[in-house]
Every structure is written in structure tokens, then in C-alpha cells.
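Below is a structure I'd like to ask you about.
Order of writing sets the labels: A, B, C, D and E. Residues in every chain begin at 1.
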Amino acid sequence: MSNLFDLLVAGLATGAIYALVAVGFTLLWQTSQTINFAQGEFVMLPAFLMLAAMHVGAPFWLAIILGILLSMILLGLAFKILLVDPMMRHGVLPLAIATMALAIGIKEAVKQFFSAEASPFPSIVPTGDISILGHAVSLQSIGVLVVAILAVFGLTTLLNRTSLGHQMQAAAQNPTVARIIGVPVERMILLTFLINAFLVALASLLITPIYLAKFSSGEVLGQAAFIAAIVGGFNQVRGAIAGGLLIGVLDNLAASYVSTQYRAAVPLVFLIVVILFRPQGLLGRPEERTV
Amino acid sequence: MSGFAKPLKIALGLIVIAGLIVIPMNFNRYGLFILSQWAVMTIAAMGLNLTLGYAGQVSLAQGAFVGIGAYAAAIMTTHGWPLPAAIVVAIALSFAVGWVLGYPALRVQHHYLAFVTLAFSTLAFLVFRNESWLTGGIYGISNIPRPHVFGIATNKPLPFYYICLSSLAIVSVAVWWLIRSPWGRAFMALRENPLRAQSLGIDTRRYTLMAFAIGSALGGVAGALYAPLTQYIDPVPFNLSLSLDLLMMVIVGGAGFYFGPFLGAMIAVLLPEWLRFTEGYYLMLYAIAVMGLLIWSPTGILGILDRTMAARRTKAASALRAVAKSRLETAQ
Amino acid sequence: MSAVLEVTDIKKSFGGITAVDGVSFDVREGEILGLIGPNGCGKSTLFNCILGQLTPSGGEVKLDGKVVTGLRPSELNKLGVSRTFQLLQVFPKLSVRENLILAGQEHQGNMASRLVGRSDAGLTDTADQMIGFFKLDHLAAEPAGGLSYGQQKLLDAAMAFMGGPRLVLLDEPAGGVNPTMLSDLKERLVAINREKNATFVVIEHNMEFVMSLCSRVMVMAEGKVLAMGRPDEVRKNPAVIEAYLGH
Amino acid sequence: MKSTLLAGALLAFAAAAGAHAQAIKLADVAELSGGGATVGTNWKNGIDLAIEEINAKGGVLGRKLEVTHADSQSNPGVARAQVQKALDAEPYVLLGPGYSGSVKVTAPLAAEAGIAQIMGGEAAELTQAGNKFLFRTSFGQQSSMPKVAKYIHDEMKAKSVAVVWVNNDFGRGGRDVVVKELERLGCKVVADLSTEAGQADFAADVGKIKAANPDAVFVYLNEEESARILKELKRQGVTAPLMGETTLIGQKVIELAGDAANGARGHVGLTTDAPVDLIKGFRDRFSKKYNYVPDHNGLKGYLAVYMVKATTEKMGKIDSRAFADALHGLTIKAADEPGILMDVTFDANGDIDRQSFLVEVVEGKQVVKQVLPKMK
Amino acid sequence: MSDPILSVHNLVGGYGKMTILNGTTFSVPPATITTIIGPNGAGKSTVFKAIFGLLKLREGKINFAGRDVSNLSQRALLNAGICYVPQGRNIFPELSVRHNIELGGVAAGKDIDLPTRIEAALDLFPALRRKSAQQASTLSGGEQKQLEIARSLLLEPKLVLVDEPSIGLSPLMVQQTFDILKSLRERGVTVLMIEQNARSALEISDIGIVLELGQTRMVDKAERILNDPRIGQLFLGGAMEESAA
């Protein structure tokens, strides 16, 4: 089963990206009950911001910095202030619908103002393969995996080991009380939006060299990350990570051993089973029920 | 809505109905097609409004039921069955599948339920696409005939529009009857407080399944009309985005309001058409319009009415409070 | 007096934690039984086991001598068991009258007749009588969500009586209700108890309320029955003072 | 409130587009959003470029060309509505759509209206239903796939073939014809892999190909997916020769896939990389105007307009009813009409006959290995 | 009586178009326990929100320790020495008990010696010290209330606003909670409390305030309010008193 090793590596690398995207997804859910249907487009956009910066002559490193900054402004700050804030109090659904509309808007804007064509994107990780246990593994996969793990590790450290992280958790778990004891809740929520924007920009940087920059490339990614977040546990960062890796691997195994026609069905069936038998997700915490 | 006197409301209703019958007579084929599409989507959205708006069961699978209805109708009518028979089968089939899809709702609610139905929606798409022996796969089914009604062929757009419109009328009356019956009240109880509903003898299991099944059946009706309307179907229109569109119609119109789906479908079907003059920008503008509308009124268009009324009530209560006499004083 | 409700050796555990640990008692026809105990002693869990909201891990519940363990809440309600909730549980968007019609409609006819029959299931008059009885007349057409906390508590109780129940379980009816409203509520409960011969079980922390309303009081602690008896007996029981009452 | 909105809706329809005289009106319905947005956008840009050129040179029979573009959202139902709308305005000729499903749903409408429809769909069955108003701009799969199968069998000497296709009407259509042809020629299809449009991760698919160990691989995907699978094939060290269509070896794919594209071969009916001066000229003009290199859909849109021009000039009059008849059996020579780029003949079904090429990617450049002459 | 530590004057405010407070005025002397009673909807919790800056005032002034604190931010109020323990369950269920307490010091930033104060708070509540590493959600109802109070003490407040501490607690737990409040008073902390369980609350209080329809009806010594027959009739459940044993 030499094939299996390749599948696992590829699955983990893709899964690491899903995890990055899914983590941001769960952060938004926890702090502001935002189900962001535009999360895939959030990953697609930063690559175009970086490309745009390069088009006007910025070197790659500067374009990366500009792209990350711009996405934090647009996808973090502006998204929160213009769309989430006015709707946050009105329940999950209207905001979810608004993010669907946002997804359409972002896609159309990129298509209209940039291109309907796919564009290549430079890789920050050198291309090429190295040999691990006699298997050729692409440096890109490893790079993706390493950066994603570092990012997630950094985030969990922030959340669990620092006072700032505790304040963010407090703001997510009980905003009213957090406010009362002096936690700057608004700033904490904004911070999660900025972190999400940073994570999607990072994911964009890692994935676009492989997936290519295209206005529609967020659709697949968004859905996968969405499934990953739910399977892992919608209200837990570590759940999203596990879910991302799991879905990445599962997708590859399904394509190999089930049927390519129904490969997309396998994660979905898995999702349904998980929700029905462990609704909080594999690593999530049960949401409270009042009986 | 209570602002109007009853006769005025009836008169208004009659004018709208007459308008829907008479004015399109002068429309070109495109106008009639879009209006027919509006009628069909309104039926599907009414179904979802029943499941989601009234019974509070979030479903992201309504598009799949439109697909089930459309395929049932397409397969049957291309094999020589009459459309009414196909509609009956479409209803029965989507009712049954909707009933089954209701079972997860007995275990999980809200966003979890949304995710399950979302997954179902994509699975249904995969089945439509992959089971080519039945559905024609990616090639779809073409040459779907339009029916003869009382000997009149409905191949021309206007007669078929009237079929869509009268179907909409029948569904509207049925839904109106349903929501004002004790069933409707029980549905609302599911939405507002299932726990309390149970303890009042309301069989929440059965009503939940019914809410799903009936809502889905209406999706099936819409699908069974959609197939002869376009005369060709393939799996792509019934993917997740149709479900999301229908959800958008319900929310934007106003979930849980009887007229919400009419307005929501109008916005989702007609607004992009109106915006087409902006060419490449029309979907962008549409997206912005939807976001703007939701920011303005997250409870949908009809939610605005509700809000105004609530504001008026608070104001009155506040005024009453200011002049109320203290019991302590009265006791003295 | 015969027993309306017999509870035998009910057990319920969540994960490894035993919330209710072999509770047995019975409730006699027409009595008002109080149920008290420290937080987390298993009172509400016991209620939920009796009412079918939770499935007990062991034991048996009998209603009028028939085993009803495992029935769903709606089925139990149709057999005449009704309840109120600790927290506000009305239907905020429906009017007060609609709330009450809803509370009674499932006791009329069957599924089919409720679909094709009258939209109020013939209950408007009954609902209005109940509204009058609980002094909510001026609010009949108001959405229930607009009522004050105390009024909603009254409505909640009124709803429990729409189906003409034999047995009503009340979960902290006094919680958060101001003392004046509370004496109103007590008066209504006593009246229904006498006039309709309905049987009550009441969970409550408000000792004055429990002691003045109930004919017997059961005290629970750590999932077990600690004491059972007349209010004054229970009040003097040293074990109860130690675990619950203090001083 | 409902009534005013409704009335507004009704009024808006009543005020449907008024008539414009003088200019020759073309109507285009294409996939400008949704899954086919890249296809449709190229098609639209090609049309716009052609019209700009023609008008700059004085138009057709002294009249300018004018086009309206409508977005089908890659959805047959919407396509139907938009074609209906376009036909209601009585255009001279209808252009598009590109997706075969959308063509299927709209072709009867155009036929009923008696208006010629020049479309981008490649599915075999489209022109076999006896529709007298439907015309292709490129080879149908029924003519291109046999050439591919023949090449795999004769030139690559493959006994076993893996077929990878994208599961939409384009991919499925090609796959069905090629598999039939391969089997007829005695090649065994050892792996038959469907992939999703927009799929990013091909590790599993390539793994399956590797396991099947075929003599050749036939790849029939959209451009971006082609680039991704080429990279993955290289990474997993698949050495079997790769065969495809324009979508495998186009300049776009080479740009996206880099080294991984080297060695891939393909049959090219229509490509901006063809060794034809006129096509190179087109490519330069297109890239200058839109800042990117078009794919074959850009060419198709461009050609569609020149088909209109050539046919009309041949008729010597602007007659929508006679257009279809005039185009059937017509041969347009590039020498007479440079905009048609290569000599082309239309048969009675509306199918196209033209030279085509067999191309291999060598060091990031397309090299023509063989020129396949017109069939008739 | 000494100078009041807190005085509110003519508060007017509410939610949206609803006016709840219609000119509430009272003051609270330092190092006392003061209880606000009144019917549901009288605006008791709203007064707390107004004092704690959670409700925009339309009119009125709030004075605390000699300075105007109307419409200050929560952080500023916390640093001025006011803490608020709202009704219900107010912990962060997934954080440990220690981290919950630690968050009480957020408002002070780096100005305080956090570890020492946490230790001091844990000393006061042995039950919490035992469970300091556990998730807060594992605490019982009474312990959760203790945790909230412990957390609010981290900033060494001068005034603690406590909203319905007894709700849902057993009589024994209520007693313990009230004992804690009494011990706070002994340490010089002023306690302002809202209680539905008015009789028991007034028994441990120095001052009672009666609020009705958003207006102050009465401010007096707690025992006098307890013994006022009209109050008993209207707000303490007079009818009940007669039938109670």
C-alpha cells in the first residue's frame, strides 16, 4: 500500500489548509454567532490582493505584507463593522444569508475587476520533492503542513496561555459578563475577526500556488472547511483542526477506495453521521440544553 | 397589516389577482417566462416558509426537493404520463423523502439541522448527476412536454403561465388554510418552544415530520412545474445554491409571514432581471442589495411592519407607565 | 384517597454521575405535594424522568396504576399529566388567547380533524374562561411576549390547566415572581385544587410558599429522598436543616 | 405595499426594450457567471473584439454590428429565459450559449423563432437532432474524439488507456465518445475516472492511474484542472504518455502547469497556438485588448461573428430567415475573409469541418507534430 | 449617617422607546448593606445597569465617592471601585476557576499584583481553592455565586452591586451567600443588593429602598421597612405572612 502513504500526505496537506480556514470559521462563530458562508471567498480574495500589488510593481514579499494587511482591513475590520455588527443581534440566519450574498459579491467583483481566468501564483515554499521513506513528497505539501501547524499552534497558545486569550475566551463564552468585569469585549471580537482575516490570508498564500488564483476557487474550499469545522466541533478550535485534517484525508481515501463520482458524498455522509450521533462534533463541547 | 380595514384588504387582494391575470396578456415570451418562474419559486419558497418560517425547522434542502419534483415530472411526462399524474407522484415522493429528512430534526436543531440538510442537498445533486440510468446524468432530460388542459395546449407561454398561476393560487389557499388551522398553531409552537409544546400534548415528533414533509411536498410541486416550464432539466440548477436562494427568498421576504415568500421570490427572481442593464455588475449589485436589505431589516421586508408595530406598542406602554399611579400612594 | 402517581425506585445517571438514585414516592388524589432540596439534588431531573422528558436509567412510574415509564411528554399530557417550567415557557409571538387554545387543542379530536376542522378547535370560550380565572382579561389579544414576568408566569400556569389535567407538576412557580403576584398565584392554585380536584406536585425554594401551600413535603438530597412528611415535621427534621434549610 | 411592488414588477415588463433600427442586432447569451464563467467570458470577449474590428472597417454591408450580452449564470433555466428575451427582441442571429445543456434547452426556441443560433457547445448530439438553425463554432466531440482515439491507438501504440474526465456535460460527452472509439479500436480502458469541476486535489486520482499502469492517459478536464493534474502526474512520477484536447495543452495550461506540461500531447481543433499567421494576429490583438491570452472559447466567439459577416456578405442582404440556409454547406476561405482565420466548411447539420493539429508540448512550447486535413 | 458613597439623582432612561426609569433618586451610605425591593418591572435591575454604565441615561446624575461617574465606561467604573454581580449564572464555563477569578483583574491592567490578590481571594473561599484547577462549569450553583463574588473582589471594590443573589439557591446556600455579603460589609465594602426574597434580604440589611414604576417610593432603615404594614401588604406578600407558620 505504497499508495496509502502518498494519499495520507496529500490529505494531510490539504487538510491543514482546511484546518486553517475552519479555525477562523469557528472563531467567528464563537464570538459573534457568524456562520460565514463567504469563508471560501475570504481565502480566494487575498491572493488577488497580492497579485494586484504585484501588478503595480511591488516585489513579492511586499505584496504578501500588503495582501495580509489589506485582507485584515477588508475581511476583518470592514466585514465586522459593515455587515456583522448591524445584524449580530438578529439571530444566525439573516447574517448567514448576508454572508451568502457577500460570497456572490466578492466572486463577481474579482471576476469583474480582475479576471475570470485562473492566474498562476508564486509559491513561498520552494517547489520540488524530497524523499521520505522512499516516497517523493512535495516540499509544498510539507511547507503547507508546517506553516499551518505553526499558525494553529500559535493561536492555541494565545488562547490558552495568555491573559489576552483568556479575555477572548471570556468574550466568546459570556460577552455580557465579560463586559461587566471590564473585558473590552468589542475589541476582543474585533480581534477574532482580524485573526480570521490573517488566517485566511495565510491559507490563501499557501494554497493559491497549488489551486491557482481564480474567482471561483473559494467555493470548494469554503465548503470543505465548513464540513471540517462541523465534524471536528463547531465551538472548539482544536475540533476544527482535527476536522480539517480528517476531512482532507477522508476525501483522498474516498476518491481512492470508494468512487470518484461519489467522492464528494463521503465527507457529507460522515458529516450527517457525526451530527446525528455526536452533534457537538468529535471534539466539541455539547451545547447546553434546557430540559 | 392590521392597519387596513378588512374590506380594503380584500379589495386590494382582488386587484392584485386581477392584475396577475390580465396584465401579462400583453407580455412578451420572456416576461411570461420570468413571471411563471416567479410563481414556481414562490410555491417552493412557501413550502420552505412553512418548514422554516412557521415550524422553525431550518432546512437547506428545499432546492433538492424542487429537483426531486422536477425529475419525477420529467421522467414521467417524457414517458407519456400526463402532468397531473406526475404532480401527484412528485408530491408523494417529496413528501416521503421530506418525512425521512425530518428524522434528523428530531435529534438536532438549528444550525446542526441546517448542516444535515445542507449535506442532503449536495447528496441529492450527486445522485441526480451520477445515476444516469434514471436521470440522464449530466446530460439531463430534454423535450419535456407541456400538458393539455381541457384540450388546450399549453405550449405557448401564456397558457402555461396560467397553469403556474393557478397552481400558485391553489397552493396559497391550501397553505393559508393550514397555517390558520390547529396544525399551523402547533407548527408555530414547534418554532417558539418545542419543549413547552410537548408538555401541552403536542406530538412534536409527528408535527416536525409533517412540517418537513409538507414543506418538501410544496418543493416537489414547484419542481413538477419547473420541468415543463423549462422543458429541459439537468442536475446543475438543483444544487446547493438553489436551496440557498430559496432560503434567501424566505428570509428576505420575511420568515413566518404569509406573504413573505411572494415578496422574497419577487426579489430573488425579478431583481437580478431588472439589474441586467448594468451588465457585468448586475450580480454584484444584487448581492449588495440583499446585504443592504438585511442590514436595514434583518427580519425581512415584512419584518419591518412587525417592528413598527412593536415600536408603537412599546411607546404606548411607556406612556402608560409614566402616568400610572403608584400602588403605594393609592394605599395611603 | 388512592394514589394518582406512584414512583418506584427511579434512577437516572448522566455519564458517571448519578443525579437521581432510587427515588420512590406516591402522590395521592387531590393533594399538593411539595418537593424541596438543595441545588443539584435531582429534583428537576426527577420531574423530567416522571414526565418523559428524560428516560430513567431504572425504575417505574405509574399513573392511576398503569405503567407510563418511557411515554413521551405529549402522550403523558394526553393522559392528564401537565406541567409548568422553572423558566418562562410561553409562546411569545402568539396572543394570550392563542397560547391557551394551543394548550388545549391537542385534547380535541384527532390529527385529521384538527386539520380540516375549526381553526380554534372550539376552544375560544374555554380559553376566555381561563383568562378570566387568572385575571388576564385585558391582555387576551396581546402577544404573550409583551406581558410582564409575573403575568407570563400566570399564563404559564393557566396553560397547564387547559387540558383539564388530573396531575400538574409545577417547577419553581415562585421563582422571580414578586410576593404580591405570588399570593395571587397561590390563591388560584388552591382554588383549582379544590374545585377541580386536581393534584399538584410543586418544586420550590420559597419556604413560605411551600409550607403554606402543601399538604405534604418531600425533601431530596444527593439524588435520594431525605425526608417526607407534613410541612411542620419536615421543617423540624435535623437532617433537613443540616442539608437544606440551615440554622 | 405588496400591490405597489407587484404593479412595479408588471410595469417593468410592459416596458420591454424598444426597437433600434439601422445597426444589425446580434444577441449573445453566455455563461458569464457560475461554473462556466471562464468559458462565457472568453466567448463574450471574442465577440466584442470581432465586432469592434468589423465596425472599424465599416461593418457588414455598410451597417454596423451591435450585440447585447446576457448572462445565463451557467444554468439552463436562466439560459432559456435569456434566450427567450433575446429572441423577443428579434435579433439577426443568436450567439451562444457555450454549455451543451443550455444549448439543448434553447435550441428549440431559436428554431421555433426561425433565427440561426451559433453556439459554443461541443456535445455530439446537439447537431444530430435535425435542428436546421443550429451551428457550431468548433468540432463537435463526434468529430474530434475519434481522431484522438485513433492517435492513441496508432501513434502511441497504447493497449491500455486511463481516461480522466471532468464530470460535466463537456467532460462526460467527450469521455463517452472516446471510450466507445477506444474500445472499437481494441484499446482497453483500465481506469475511468470522473473528477469534479473545480477540483483541487488530484492525488487520489493520479494514484489510481498509477495503480492501473496504463500505456497512455487521456485527460479531458478544464484548463485549470488540467494544470493541477499535470503537476500531480509529474509529482507521482507517472511516465505514460498523456493525450488530451485543446484543454490539456493550451498556452494557459502551460503557463499554469509549468514544466509539468512538457510531453503532453493533444488534438487541437482550434487553438490560439496554431501555426497560422492569422491566428497569431488574432491572439496578439486579443491579448492587447484584454491583457490575457484567450482560450479556444475566445476564438469561438470571434469566429461566430465572422461567420455572421461572411454568410451575410455571401447572401448580399440582411435576411434573418435566409441566414441558416445560406450557412448550410457554405465554405468560407480565409483568403476571402481573414477574420475566419482558417478555411472552414459547414455541413447540412451545422457541423464544422476544418484543419486540425496534433500538438506536443516541448519545453513549454507547443510544437505541431501533425496537421490533420479537413475531412472532406 | 456619614456622607453617602453612592448617590443617584433623578435617573431617566430605558430601552429603545420604552422608558423604565422615571426619576429614580436615592443614596447609599458607606459600609452598609442596602437592599432594593419592588415589584417585577419596577426597574430595579435597570437601576443597576444605569449605575454600571450599561444603559445610556437620558437624564440624571450618578455620584460615587465624591465624583460624577454618569455614563463612564465599565473599565473606568471598575477602576473607580464599583463592581457588579448580575442576576443568574455569570461565569465562563470552560475556563478554569482560577482563570475565571484572574479575569476579574483585567480592568486594572498591570497596575496590581495579580497573583497575590488571586491567592487572597482563594483564601476567602476554601471551596474554590480546592477546585481552582477545574473547569468552572463543574461548580455547583452556590459555588458559582461564590466564584462571581470572589472574582469581583479582585479589584478591591468599594461598592458591590449584587442582583438577586438568592435566585434558584436553596435556603442554606442563600444563608451562606448572605453571610459572605455580611463579611464584606465588615471589611468596609458597601453592598447594594436587589432581592425578590425581600424579607430575608432586609433582615441582613441596614437600609431598604422601595422602587416602583421606576421611581423611588421609600428609603428608610431596613427594619422599619420590614415592619411597615403597607409595604408588607404590597411588596412582601402580606397575605402569605398570615398563613405562614
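By definition in this document, a contact is a pair of C-beta atoms (placed from the backbone, for glycine too) under 8 Å apart; a residue touches a chain by one contact, two chains touch by 3 or more.
All values reported here derive from a predicted model rather than from experimental measurement.
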(message) Of the chain pairs C-E and B-D, which one is connected by the greater count of C-beta contacts?
(response) B-D
(request) Return the chain whose centre of C-alpha atoms lies at maximal distance from the corresponding centre of subunit A. (result) C
(request) Would you kindly tell me how far, in whole Å, the mean C-alpha position of subunit E lies from that of subunit A? (result) 43
(request) Mind checking the centre-to-centre distance between subunit D and subunit E? Centres are C-alpha means, answer in whole Å. (result) 74
(request) Provide the C-alpha centroid distance between subunit A and subunit D, rounded to the nearest whole angstrom. (result) 35
(request) Report the inter-chain centroid distance for subunit B and subunit E in whole angstrom, where each centroid is the mean of the CA atoms. (result) 50
(message) Going by the contact rule already set, what residues in subunit E reach two or more other chains?
(response) 234
(message) Give the residues of subunit B touching no fewer than two other chains, as numbers and ranges.
(response) 129, 195, 280, 283, 317
(request) Would you give the residues of subunit C that are in contact with at least 2 other chains, written as numbers and ranges? (result) 53
(request) Quick one: which bits of subunit D touch subunit A in the complex? Just the residue numbers, please. (result) 33, 35, 37-38, 40-42, 167, 193-196, 198-201, 203-205, 207-208, 210-211, 223-224, 227-228, 231, 235-237, 252, 255-256, 258, 291-292
(message) Which stretch or stretches of subunit C touch subunit E in the complex?
(response) 36-40, 86, 148-150, 172, 175-183, 186-187, 205-209, 211-212, 231-232, 235, 243-247
(request) Note which residues of subunit A are touching subunit E in the complex, please. (result) 163, 166-167, 169-170, 173-174, 176-184, 285
(request) Within their complex, state which residues of subunit B touch subunit E. (result) 311, 314-315, 317-318, 321-322, 324, 326-329, 331-332
(request) Using the touch definition up top, name the residues of subunit E that touch subunit B in the complex. (result) 14, 16-20, 22, 210, 212-215, 217-218, 230-231, 233-234
